[in-house]
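Okay, here's the structure, questions in a sec.
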Amino acid sequence: MPRYVMTVRCADGPGIVHTFTAALLEAHGNILDNAQYGDPLTEQFCMRTRFESPITDVAEVRRILQPAVHTFGATFTVRDEDAHQRVLIMVSKFDHCLLDLLYRWQAGELPIEIPLVVSNHPDCAELCARYGVPYLHLPVTKDTKVQQEAVLRGLIAEHGIDFVVLARYMQVLSEQFCADFAGRIINIHHSFLPGFKGARPYQQAYERGVKMIGATAHLVTADLDEGPIIEQGVVTVDHSMDATTLSIMGRDVERQVLSRAVRQQAEDRLFLIGHRVVVFH
Amino acid sequence: MPRYVMTVRCADGPGIVHTFTAALLEAHGNILDNAQYGDPLTEQFCMRTRFESPITDVAEVRRILQPAVHTFGATFTVRDEDAHQRVLIMVSKFDHCLLDLLYRWQAGELPIEIPLVVSNHPDCAELCARYGVPYLHLPVTKDTKVQQEAVLRGLIAEHGIDFVVLARYMQVLSEQFCADFAGRIINIHHSFLPGFKGARPYQQAYERGVKMIGATAHLVTADLDEGPIIEQGVVTVDHSMDATTLSIMGRDVERQVLSRAVRQQAEDRLFLIGHRVVVFH
Amino acid sequence: MPRYVMTVRCADGPGIVHTFTAALLEAHGNILDNAQYGDPLTEQFCMRTRFESPITDVAEVRRILQPAVHTFGATFTVRDEDAHQRVLIMVSKFDHCLLDLLYRWQAGELPIEIPLVVSNHPDCAELCARYGVPYLHLPVTKDTKVQQEAVLRGLIAEHGIDFVVLARYMQVLSEQFCADFAGRIINIHHSFLPGFKGARPYQQAYERGVKMIGATAHLVTADLDEGPIIEQGVVTVDHSMDATTLSIMGRDVERQVLSRAVRQQAEDRLFLIGHRVVVFH
Amino acid sequence: MPRYVMTVRCADGPGIVHTFTAALLEAHGNILDNAQYGDPLTEQFCMRTRFESPITDVAEVRRILQPAVHTFGATFTVRDEDAHQRVLIMVSKFDHCLLDLLYRWQAGELPIEIPLVVSNHPDCAELCARYGVPYLHLPVTKDTKVQQEAVLRGLIAEHGIDFVVLARYMQVLSEQFCADFAGRIINIHHSFLPGFKGARPYQQAYERGVKMIGATAHLVTADLDEGPIIEQGVVTVDHSMDATTLSIMGRDVERQVLSRAVRQQAEDRLFLIGHRVVVFH
């Protein structure tokens, strides 16, 4: 039987779960997994439901669920679990996160498609070639950012990209671009935010003498390093480790935190509510 | 508005969530939190729902939900969130877990009542006195186990005990006692099960030269150290630490793992399905 | 045979270890444990050596080691391992760290003496009484800080205090006091520094939507929350936890991080080198 | 100035550190890092010293240190830090650990040489080719084990292999082979030993309902899964994860635990003392 993932988001209130589960019954659905959250700060409600149904056409499922959606004025998605989301990866020179994503994708660990990798440097072309993934070298300077992003927008449309992953892409995206793709760009920052924002966080960590370093995956907003946090991880360090050693140790954390965040987005587990990200594990 | 926690367990199948949410609507309930799981091994379904309702009498809520219960032949509970479960703590000489539970209870961190502490030794009497909790010294030998457990049974009935916590109680309960209170006794074992079952696990760990030690909270069954696992924790150790040092480090893990398990049971988050424990975090 | 702990700190250079181990041989010492570090930033060297010697008088041991000390112009200590350091604990109203330290001390887990607890509130008096530790209520306002600290200085001298532990003491010490006891005051801050400095870190963490919260033990300097870091710990959290829940979860981390830092100071494992703390685990 | 790593192992007793540091002074050495341990169970002493010396010929350094070695009948090594150890990697079909080691090696994160990868399957040939590492397909059956191992022995000699890494090599080595290369073969076992020895540990973990899974790097002995433990790691799991999901999550732990163990061996940080491994971090 086909399996589907439904997400619902609307103003909180009674009857939402009941109405949607009624609609699911109408679609002969059996719920496999359900998670929901009512946020006290924003009074927003969000729900993720995984279900199976004998109906094989997702459009038909969507049609059946539509009245429930209308009742609550909900933002709504339903997706065949096997129809993987399409991810554009952006990278600069550091390739550890990129390799990690490619490997997991190829090993079947990550339920995504990767139609394209874009970089402002040529360095990672060979790595992508090994995995049979198209690679586009798209240089950018301060002066050409608008044009570069116009190309990017074209590629996102052309390839039907669902979300973008910045896998150590060291360029700042324009405010407009961030706004237009709000909630659809994931970045990995190589520190435990809100500590060590900005450049050279491992050097900052070394100088501050911290005893743990970390990494943070977050949704990208125009306000750099202030994006809503998806996942974080840390590793214990000590005084004998210099900034270079910290950066090597940190790569492990970056890889894992980013791949977890990508998986969650790929499985429709993330909901941006106010400035906080709800993650249904 | 009063808040309630409902648990449902039955054979898996379509319509369960819908039927119960319909009943909740009838009770003017608004769902705050909902978690569910269908176990592929046993084909059992379980659900925990936290909701608020203007109805102030839990018996009335229960009455409204009863038809849904009947429909699915479900095991069912509903509890006013403020009506804390009543816990009997059993202890021998080590008092670190007991103190931790008493402190958290007194600080309002753990939503339980502690009407009684029972021990086969007199050592922890003073500690309980400090916290104003009655303490019963109930010695036991191989020959008196049946009688001692008869007294225990009486105390459990008399004090309306919901579940029992073995906070480093170093006696083995009888097979019959374990069977009669299946799913209602939580033990802390001072190793990362299934490693180092039996006596002196820290000594075993030292001799084996492990690089992490742990603790395991589990439901008690007649088969010692084979009970279904609720929670586990570890801490990193090294070659320089002898068995005594390991046991001191391990106490921290024991405390935390046990108190987490007690909280989960107290909040109706545990479901014993087959030989595995479902925990809705 | 008596066991001693020696610490040495001086400008880095060849021959230090050799000269001190020669002196130890002269004292018929056998090294049990040795750790050393040469800091590339400051070119400072530090060493901690644990040894046994048939000489039972620590003054005699010190006398034998003195020429080596002179050779390198070293800062030097040697202490009989059984002569525990004397710790003054300061606390305000939150008692979880205080209880933890008292329990570990009484259980023989922490090699310290606690001659006195000082607080700006009366709340923790009863807890200290239970453990037989003198408690002094020493209120303070902005206007009386100088006088209060004068009393503190007197107590530190009178009780032969080796170091001070701020176990959730919610007052800021004066710049002069911090300077005079530099390297001898340990504080626990309830965030993962440098994130969430200042007041109400759990509320800040909640609003920022972090996925891990932490605690930091640090040496106290006049620059609040900028003190050199000794130990850090974290715990994973999620969107459903409000600031109160975070603070309850954080208490566990605070307790553990602070007690680890106190142990390290008590065992002469900490060396403040520049603005970083070397910890020999 | 060249940097060297010296290891010393002998029966414990006074004067060892002093005698060796005297010899280091004679070699104009400056100690950068020193760690030592006296094992109470076996009364063995071991020491690792990292130092710099103006002498550029390691043989000359070795000659100067030789008298100290003789004095204590020590097992002794000294190595130019830049002369990387040579590692033979063995693999079967799972390639995640292999890729991880290759990547870290190529990125300069792991101070090793990899002259050869050997496998009983052809599957990983292409991966090795990408990294420019020779790959030998060396099939084995029960009946051909002796011959296969004879070839292996030849390769180890021919390529000057320092140690062997079993990166998910699913064949059992013969007792004789294990004995002949005692302390020089590192394996990764995909469970938190001593839990879940033997085959299919993730399936065992799933059925047992553990709440954490782990991986263990150990030295290989003839007694399968009983080898001395080098490193361990864990990750938290829950009831909803089946054995396949556990195995995917476990791969991350395997990769990290194995690469840490390889680094420690490569940096001469491991000492097998009795049945326990001393690791100088």
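As written, the chain order gives the labels A, B, C and D, with residue 1 at the start of each chain.
Keep this in mind: a contact is a pair of C-beta atoms (placed from the backbone, for glycine too) under 8 Å apart; a residue touches a chain by one contact, two chains touch by 3 or more.
Because the structure is a prediction, the values reported are computed rather than measured.
Shared residue numbers account for over half of those found at the interface formed by chain A and chain B, and the copies are therefore classed as meeting with the same residues. Here B-C and B-D were compared by C-beta pairs in contact; the pair with more is B-D. The centroid of the Cα atoms in chain B and the matching centroid in chain C are 37 Å apart. Computed from the mean C-alpha positions, the centre of chain B lies at a distance of 42 Å from the centre of chain D. For chain B, the set of residues touching two or more other chains reads 33, 37, 238, 240, 281. Only residues 37, 39-40, 192-196, 207-212, 214, 228-234, 238-240, 242, 273, 275-279, 281 of chain C touch chain A when the two sit together in their complex. Those residues of chain D that touch chain A in the complex are listed here as 33, 96, 99, 103, 107, 109, 130, 240, 248, 251-252, 256.
Against chain A, the residues of chain B that register as touching in their complex are 13-18, 21-22, 24-25, 28-38, 281.
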